[in-house]
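Okay, structure first, notes after.
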Amino acid sequence: MKRAGDSLLLIFGIIAAWQVFYWLAGDIALTSPADTAAHLWNLLGTARFWGHAAETARAFGFAVVISLAGGVALGVLLGLNRTSGIVSEPILIALYSLPKVTLYPLVLLCFGLGMSAKVAFGAMHGLIPVTIFTMKAILQIKPVLWRTAHAMRLSAHQTALTIALPAVLPEVIAGARLGFSLTLLGVLIGEMFASQRGLGFMIVSAMGLGDIATIMAVAVFLSVFAIAANALLLWLDRAIPR
Amino acid sequence: MKAPDGADVHARLTGVTRVFDLASGAKLHALGPIDLDIKRGEFFGVVGPSGCGKSTLLDILAGLSPPTAGSVLFEGKPIEGVPDGVGVVFQEDASFSWLNVYDNVAFGLRRAGMDAAETARRVEYAIGFMGLRDFAMAYPAQLSGGMRQRVCIARTLVLQPRLILLDEPFGALDQQTRLLMGEELLRLWRETGATVMLITHALDEAAMLSDRVGVMSARPGQFIDFIETEWPRERDSRIVSDPRFGVITSRLWDKLRVESLKTMGGAAPGAKS
Amino acid sequence: MSSRIFSREILSREGWIRLAVVVTFTAAFEALCRFGVIPRTVVLPPSDMAASLWHILRTGEYNKDILSTLGNVAASAVISVTLGFALGVLIHALPRLRTTIEPLLASYYAVPTFMFYPVFIVVFGVGSRAIIAIAVLLSVVAMIASTLAGLDRIPRVLRKTAAIYRMSTARRAVLIDFPAAAPHLFTGIKLAFAYAFIGVIASEFILSGQGVGYAIAYAYNNFDNRNMYGLMLLVILLATAANTALDTIDRRMQSRTRRE
């Protein structure tokens, strides 16, 4: 009960701070919380908004599947062998810290302008943390579990499915949460840079028109979506017995 | 197979040695040569100083790793990999944290494709036998160390192994829990009629539980003595009050003390290494 | 175990394998490009990229952009580290505030904060200030979280020891709290730097008049593959070098304080 009260306090605090910034900065910089809400409400009624949202959702959907499935598979592969795990870790971390935006022109040259480029942007961002988390989790599986599987004469396939995967599930979900957010970020940045459709494009074109209200409305929409999804994944995380 | 004294031999190790290749290129002679006959149905204890290769011995006997030299026969046949009919309880907690107690115990049977009715029967029996009935739906994280080891033992028990190998299973537990768990182990041994080999660093535990205790030397581990306890089959932890218990324990320590000092650097008593 | 870190080897066994992997990949990539399997209109062979980068550095035609980017990164990193540390200390000292703010910090990185970049452009106009603003926004929370973690992990027994020595709060903070929390603080610095770098480059890409990110986008739009790939290589090298350096320092620090 206290936690719900605290969350409400936090939301109230954010809206209050927002209102204060609005009073300080004026109409050219921000729209007030009330105006933003109203504008968002209007947007949600337009087909144009939902057209863009659907575009982003499609790209995001594909990208997230690739990030998660690809990341887990790659992480398992690299993590099963101790040497490959130690060798890969710094390389993966270096890739993680790289501003992947830099590689966007390369992606565009490979895939052209369109959906596949956007999916590539998103997957690029999300694949690496999922791989890193999965790989480290596999490396850290207690050796006694491997020996137990061996003593029970389980096949490699059975060991992977019934022991390795359940043992690493908590870490994989933590990685998936991060991968989820980064994939969304990747798709949005891709749309902001090189697309004529999608919510990212909507934000950038609104900026060109000085339409601050739309920028904020879309940003709020995306924030709510991201936080809700993150909360769902967190709940999933807690639901697993450990 | 028959031993020289006519008893039925369950497992036989002949000339078994294990040499490890170190990263630096040197070789570590960890174990052997070992010649050992484990009689069917006996409770065989193994004691030895740290690092003498006790766990390596268990690994080889269980088929978890091959010997560098020598042969291992189980029920008359040479072993390749982990043979059918062998159960292992490890030193560390090997319970699966993501399954409750029931599913943990049922794990091996389900993987082996046993039908649901038989699985349920065996699991319920094992859970009852190990005193876990009230905790069947709990998760390992909610249980104490001793309970978790019971889960691991139950999980091994359901597979009805003919040879049960235990590597210091009670090492992480307090003395009182250890004594009670020892009694459970004896009960298990009697009811299943299995052959048991228990590795332990606790002399009193070996002396109390075993029919026969093997004493290993410092690395490379070899058996330097075998002591028959001649305890009655129906025994429990109160055997410690038998006068012969003291005799056996002191004989074990006599042999073991010398070997342990070697492991610690051969210093005179009281000196620090 | 720890002797390995101070050993005289240049690279560990895994380090050599890693080097071999990177070299093999690069060589394979080079071969695929040279043999026309990958068309030159899409990607240049690594050797050409390197040549282009060398040319860029020698002629100095992009020096203004490079300095602009480095300046923005440095400014953003410094601001987010100091601000993040200060906020972290403050939040740690006020438990009620902390429990209220905690969910915000936990879900902060779930939100694609970068989408607020256009807001900053409207407020500050196109230029360094907007870029630094978004980069700080991106990296400050990592520093706050690391500061909180570091302060949390100071063992209580050290605080008790300080009390036995009758140290004032200020002395304790400098002599005990700070060194004890240092590893986590450094992790925060590493993260803050990495995010600042990413934030700056991404901003320059989307909309800017200056900087390496802008230069790459400009080259792309003008079909100038040569300069584009040279600059891309520059970013990759800079990012990798900086992060490796910070990581090595972090490792050295950790190995000395942790009993391995």
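For this structure, a couple of remarks:
Which chain is which? They are A, B and C, in the order written, and residues in each are numbered from 1.
One rule holds for everything that comes next: a residue touches a chain if its C-beta (ideal position, glycine included) is under 8 Å from a C-beta of that chain, and two chains touch if they have at least 3 such contacts.
Given the structure is predicted, the values throughout are model-derived calculations rather than measurements.
For the interfaces A-C and A-B, the C-beta contact count is higher for A-C.
For chain A, the chain with the farthest CA centroid is B. Centres computed as Cα averages put chain B at a distance of 52 Å from chain C. Chain geometry summary: the mean Cα position of chain A and that of chain C are 19 Å apart.
We define each chain's centre as the mean of its Cα atoms; on that basis chain A and chain B are separated by 49 Å. Residues 62, 64, 81-82, 84, 86-88, 90-94, 96-100, 107-108, 111, 139, 141, 159 of chain B are the ones that touch chain A when the two sit in their complex. Those residues of chain C lying in contact with chain A across their complex are 14, 17-18, 21-22, 41-43, 99-101, 103-104, 107, 109-112, 114-116, 118-119, 121-123, 194, 197-198, 201-202, 205-207, 213, 216-217, 219-220, 228, 232, 235-236, 239-240, 243-244, 247. Looking at the complex, you find that chain A touches chain C at residues 6-7, 9-10, 13-14, 25, 28-30, 83, 86-87, 90-91, 93-94, 97-106, 108-110, 177-178, 180-181, 184-185, 188-189, 192-193, 200, 203-204, 206-207, 210, 212, 215-216, 218-219, 222-223, 226-227, 229-231. For chain A in complex with chain B, the touching residues are 142-145, 147-148, 150-154, 158, 162-163, 166-167, 169, 240-242.
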